[in-house]
Amino acid sequence: MSTNPIKTAVVGASGYSGQELLRLLLMHPGVDLVAVTSRQEAGRPLGEVFPRFRGAAKIADLSFIDPDIDAIAATGAQCAFLALPHGVAYEYASGLLEKGIRVIDLSADFRLNDADIYAEFYGGNHPSPHLLKEAVYGLPEFYAEQIRQARLVASPGCYPTSILVPTLPLVSAGLIDPATIMVSSVSGASGAGKKVDAAYLFTEVNESVRAYGAPKHRHLSEIEQELSLAAGKAVRISFVPHLMPVNAGICTTIFCQPSGDTGSAGKSVADAYAEVYGNAPFVRILGENKFPDTKHVTGTNFVDVGWVEDKRTGRIILFSAEDNLGKGASSQAVQSFNLMFGLSETAGLLNF
Amino acid sequence: MSTNPIKTAVVGASGYSGQELLRLLLMHPGVDLVAVTSRQEAGRPLGEVFPRFRGAAKIADLSFIDPDIDAIAATGAQCAFLALPHGVAYEYASGLLEKGIRVIDLSADFRLNDADIYAEFYGGNHPSPHLLKEAVYGLPEFYAEQIRQARLVASPGCYPTSILVPTLPLVSAGLIDPATIMVSSVSGASGAGKKVDAAYLFTEVNESVRAYGAPKHRHLSEIEQELSLAAGKAVRISFVPHLMPVNAGICTTIFCQPSGDTGSAGKSVADAYAEVYGNAPFVRILGENKFPDTKHVTGTNFVDVGWVEDKRTGRIILFSAEDNLGKGASSQAVQSFNLMFGLSETAGLLNF
Amino acid sequence: MSTNPIKTAVVGASGYSGQELLRLLLMHPGVDLVAVTSRQEAGRPLGEVFPRFRGAAKIADLSFIDPDIDAIAATGAQCAFLALPHGVAYEYASGLLEKGIRVIDLSADFRLNDADIYAEFYGGNHPSPHLLKEAVYGLPEFYAEQIRQARLVASPGCYPTSILVPTLPLVSAGLIDPATIMVSSVSGASGAGKKVDAAYLFTEVNESVRAYGAPKHRHLSEIEQELSLAAGKAVRISFVPHLMPVNAGICTTIFCQPSGDTGSAGKSVADAYAEVYGNAPFVRILGENKFPDTKHVTGTNFVDVGWVEDKRTGRIILFSAEDNLGKGASSQAVQSFNLMFGLSETAGLLNF
Amino acid sequence: MSTNPIKTAVVGASGYSGQELLRLLLMHPGVDLVAVTSRQEAGRPLGEVFPRFRGAAKIADLSFIDPDIDAIAATGAQCAFLALPHGVAYEYASGLLEKGIRVIDLSADFRLNDADIYAEFYGGNHPSPHLLKEAVYGLPEFYAEQIRQARLVASPGCYPTSILVPTLPLVSAGLIDPATIMVSSVSGASGAGKKVDAAYLFTEVNESVRAYGAPKHRHLSEIEQELSLAAGKAVRISFVPHLMPVNAGICTTIFCQPSGDTGSAGKSVADAYAEVYGNAPFVRILGENKFPDTKHVTGTNFVDVGWVEDKRTGRIILFSAEDNLGKGASSQAVQSFNLMFGLSETAGLLNF
């Protein structure tokens, strides 16, 4: 581990992924938290805004500041996490990069390689197409080398991570036909962010489950991008997210069909996972006929994976569980941070 | 409505579907509750076992009795609901039918037409194959005429109802290819019954979601039976149930592909539903791009249905929501009861 | 029961108590729902705003209208329920009464006899002190006769009902010293209303319990008013409400000391309750050493009461459970309605 | 911090406090976990029994063993945590102490100084009265010196901690009259332990709140013992626990009256807390008119305290929030462990 803690800023820390990021950085031995911004909380001490964090040595004298690029740079920050809404992050990314600060963006602003797909899914032209090209998709299990060198990491979305982790190795190995992928995901309420909307009141979400956002959820764009890269051809899938009454956690169920590709003959799902994730500290392959449970991953950076073979129909059904704020957002961003700054990949992340 | 209330018994009333059945019958204007049995609660007044029901006029002097066929018959019962475990119900069904009492069975004992499929999914030979033949599958939207005449109704399972209601009209109309059906359902904890098992403790279920029972859940047998009848050929589907932290409700999401059958040309999903459910009081077709929410159906006999066309992949995705103890069990059984005894189909069921 | 259904309006039906009121009135055999108002939902059909109510015969052709007094009067309404915020209800009450429409107000606008206490707890002068005098406090177990004759009923608050029902008979009988009453209540989230505020988001309320509003919650004013009337002297008590993660239900725990009043010699808590509530259809006295559970009263008009004698300290501890939207608001208002219009007190309220 | 990690055993690790203890010890830098026992899980790897802990370096090769004293001693354990039921712990405590292993007992077996009170509250004669005398009550904010030297620490119960932390400083300072203390606590379901009983099924606990165990809960014995010591005279209080639908957390509300003791003249509640807890790392005094929320302490060793002065009645009302498995059980035991082995008091406990 590097001897000096990395001077780190969190830009936009008043939402749920910002809060989770703070929680992780407060416990991270390699981090010196130098700036935490929030337009709406500027001037207030962290412990007042987040009573949970009172008593953490690192926040003793830390207050929120306005999200000003010069002010952040003046703290000597070497790295900035952006926990800002889509469409807001890119401005800060540009400015901070110009100041020589490496950026890990948790928004969707830099996740797509193709500005046209960005326009299709997010609307409007992307304001920094060159940064879109430069940004590395922050899925450390697949892009570790690029992340180590990256100036700008686009940390993946929660649903994408829960879908890509179980599917990419099987698509790459030619074991499943990516065109047959159909996904049903169930997410906790923090996935909606701290959105003050009647639909997310306790009384509305509790004792309720419903699908939403189908058939063209924005996250499809990055999921299909990565599956297409793995498949070597354009892939389109079906995806239905659901909202359920838990605070955190995504439980993803994926139906697909074997490719029948002779090139994969003899290789099993287990083999493919072992090959890709054998040394991945945060992907826990539970095995065949095992069903991951969100309660075992909440608050952690782990993603658990299981599967069944549905012999009666010839299909394979994959399952994953992760914390939408953890491996689906903030702790995954910290995993990239660890790689970028030469720390142990698990530094600050082995919390249970 | 018939002028005299129907003398009615509930056999096995200490579990969750028994309790829901009692709740509905206590409010039903056409029901005279004459016997309520429970081996473990025998001798105890209903209001003591179910404090919620105190104050209901009908239970003032009613206590649980042992589930004895002669004792039930002695009460003059005209109809008996069986809320017993699978494998226990058939004995009571036989005995009660011999006494001239019409039976509505909520277990799986009589849902299958084919004794071999029963053996495959439930194990062992069916003890009353002739009753298996006689029993009517109690899905009133499809078997109303047979239910009216039936001595023995096999009331459908919770997952099957939530899957068959959205799919049967489309399969019958040739609009979707039944072999492409893949189902992901999410159920509340009461679906597991009042099973005293560590896995169902509050602390284990709360803040947790997980798949279970795949790929060969027992309910597949009746789902595939009905889909095969509608399709005119053997159908096998994929089905994954999940457990989620709500008391009641099933949210079902169904992926499928259009059949491309020219015979269905021009007919839409909306048309097919309108044709079948135009006069069905308990199936609420929400329409395209609408997502049913379990919170709008809990405690009721309604099942809500919506769908989307996933034009990017050519698939149709169907959604339904019901109460697993309501339309998925007890209130649906009461709906059959209403038909059997010449009452209005909605008698005692328009609770919100 | 009167032969013609009562023409009834609900003014301000988009919040939680309005919604619960609608639910009850839809199932009430003696009600003809002629007008339902909501400024924000005006023009929209009821079944669209409240998908849960689709399928109810009564709402087939009913849409929300603007809360206009003339428009309401034009429907021929004989009675109007006001489910409006405090400080808004009084205007509608005045106007509707002038049109000869009897009013049941669920807000706090008319619950206090004393305009000074109103000013102390709610701020500002009461705009209709004469109506304050005329209004009857709608606790049917104590004011049934006055309610029957009333033009204007001020239906009690949720906490007050849960506190007054267990204490009033004991204070009246001189069994407990009202000055020693200390109350800790725990309420479900619907008690906060449909308030779109970050503090009531699912993720904030779930897995959380906290006190709030102490030591001078507004509801103290009506609680102390009624206790003082029962005691024949001014009474002040301590009261701490808590917010907990359930949709509905208030669980109230009351510490107090026997009065040592010789006038009550020989009379027990059980006696005092039997005397007052012997014929009360909605107060269920569970008995000594019994603990009411909110799950047995949610969705109903019942309030359950139990108690223990703490012999080690000489105290009596009382317990009650009710639905804050039921006996604590909407169903209690319907109970008053039944009395006002000569219906059976339980009409439309024996739902379980 | 000591250079060598402390060899540590956990005896009885399959319940909820055992599991929480394991979670904390897995993340504790000063702990070498050498033995984990469970009669029912013996032979199974930790990661299989607790899937959440997979991926923790410390458990890679650790399996549950039978709770055998010799076997535990053979591991070289220097310290053993006992997370066993009341009435079972004392045997292991005796045996392990004889082997020279220091013991931290999370059961109630050694919390009382007086064997007669033990007999009154727990039944039967205490089997090791001499150990009862030796054991130190493990409330580090009050017994730190004794804990440092202790061979046997009796770690306090969850309710007692939540009550003693806010009251002891005020009783000691003569600010409140201990005889006027009345407590209403609301606890999460994990407080009931992993008890496989229908009353604790998800469907029974969810959407439910109820009091239980009053008026003479077993925990009163240790609460009154410590209050009596602080008051210098025998104290009896009233206490009502409630069960609510959250996994973890206790929210405690305490009514009491100022003592009117002239000796305390001029000293405020804030002063008394500052004096006692000024350097206590885990007691967070939120201040007057602040209400602690369980969500800010779950998973941590913090206990948050606030209060209000109820000037209308002259009472003081105190509030606390803690995690019943944290400061109320396992993390508090680790806090004692840190003191016993010369580690920093906060070692392994600054998790958020």
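Which chain is which? They are A, B, C and D, in the order written, and residues in each are numbered from 1.
As a convention for this text, a residue touches a chain if its C-beta (ideal position, glycine included) is under 8 Å from a C-beta of that chain, and two chains touch if they have at least 3 such contacts.
Just so we're clear, the structure is a prediction, and the values are computed from it rather than from any experiment.
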Item to check | Pair from B-C, A-C or C-D with over half of its contact pairs in common with B-D | outcome: A-C
Checklist entry - Which pair, A-B or A-D, has more C-beta contacts? => result A-B
Item to check | Distance from the mean Cα position of subunit C to that of subunit A, given in whole angstrom | outcome: 47
Item to check | Rounded Å distance, subunit A centre to subunit B centre (Cα mean) | outcome: 40
Item to check | subunit A and subunit D, separation of their C-alpha mean positions in angstrom | outcome: 37
Checklist entry - Of all the residues in subunit D, which ones touch at least 2 other chains? => result 204, 206-207, 245-247, 293, 295
Item to check | Interfacial residue positions of subunit C with respect to subunit A in the complex | outcome: 16, 188-190, 194-198, 200-207, 245-247
Item to check | Residue numbers on subunit A that touch subunit B, as the complex places them | outcome: 182, 184, 186, 204, 206-212, 214-216, 236-238, 240, 242, 244-249, 251, 253, 255, 291-295, 298, 308-313, 315, 317, 319, 321
Next on the checklist: So in the complex, the part of subunit D that touches subunit A is made up of which residues?
Outcome noted: 23, 26-27, 51-57, 207, 281-282, 284, 286, 293, 295-297, 299-300, 302, 304, 350-352
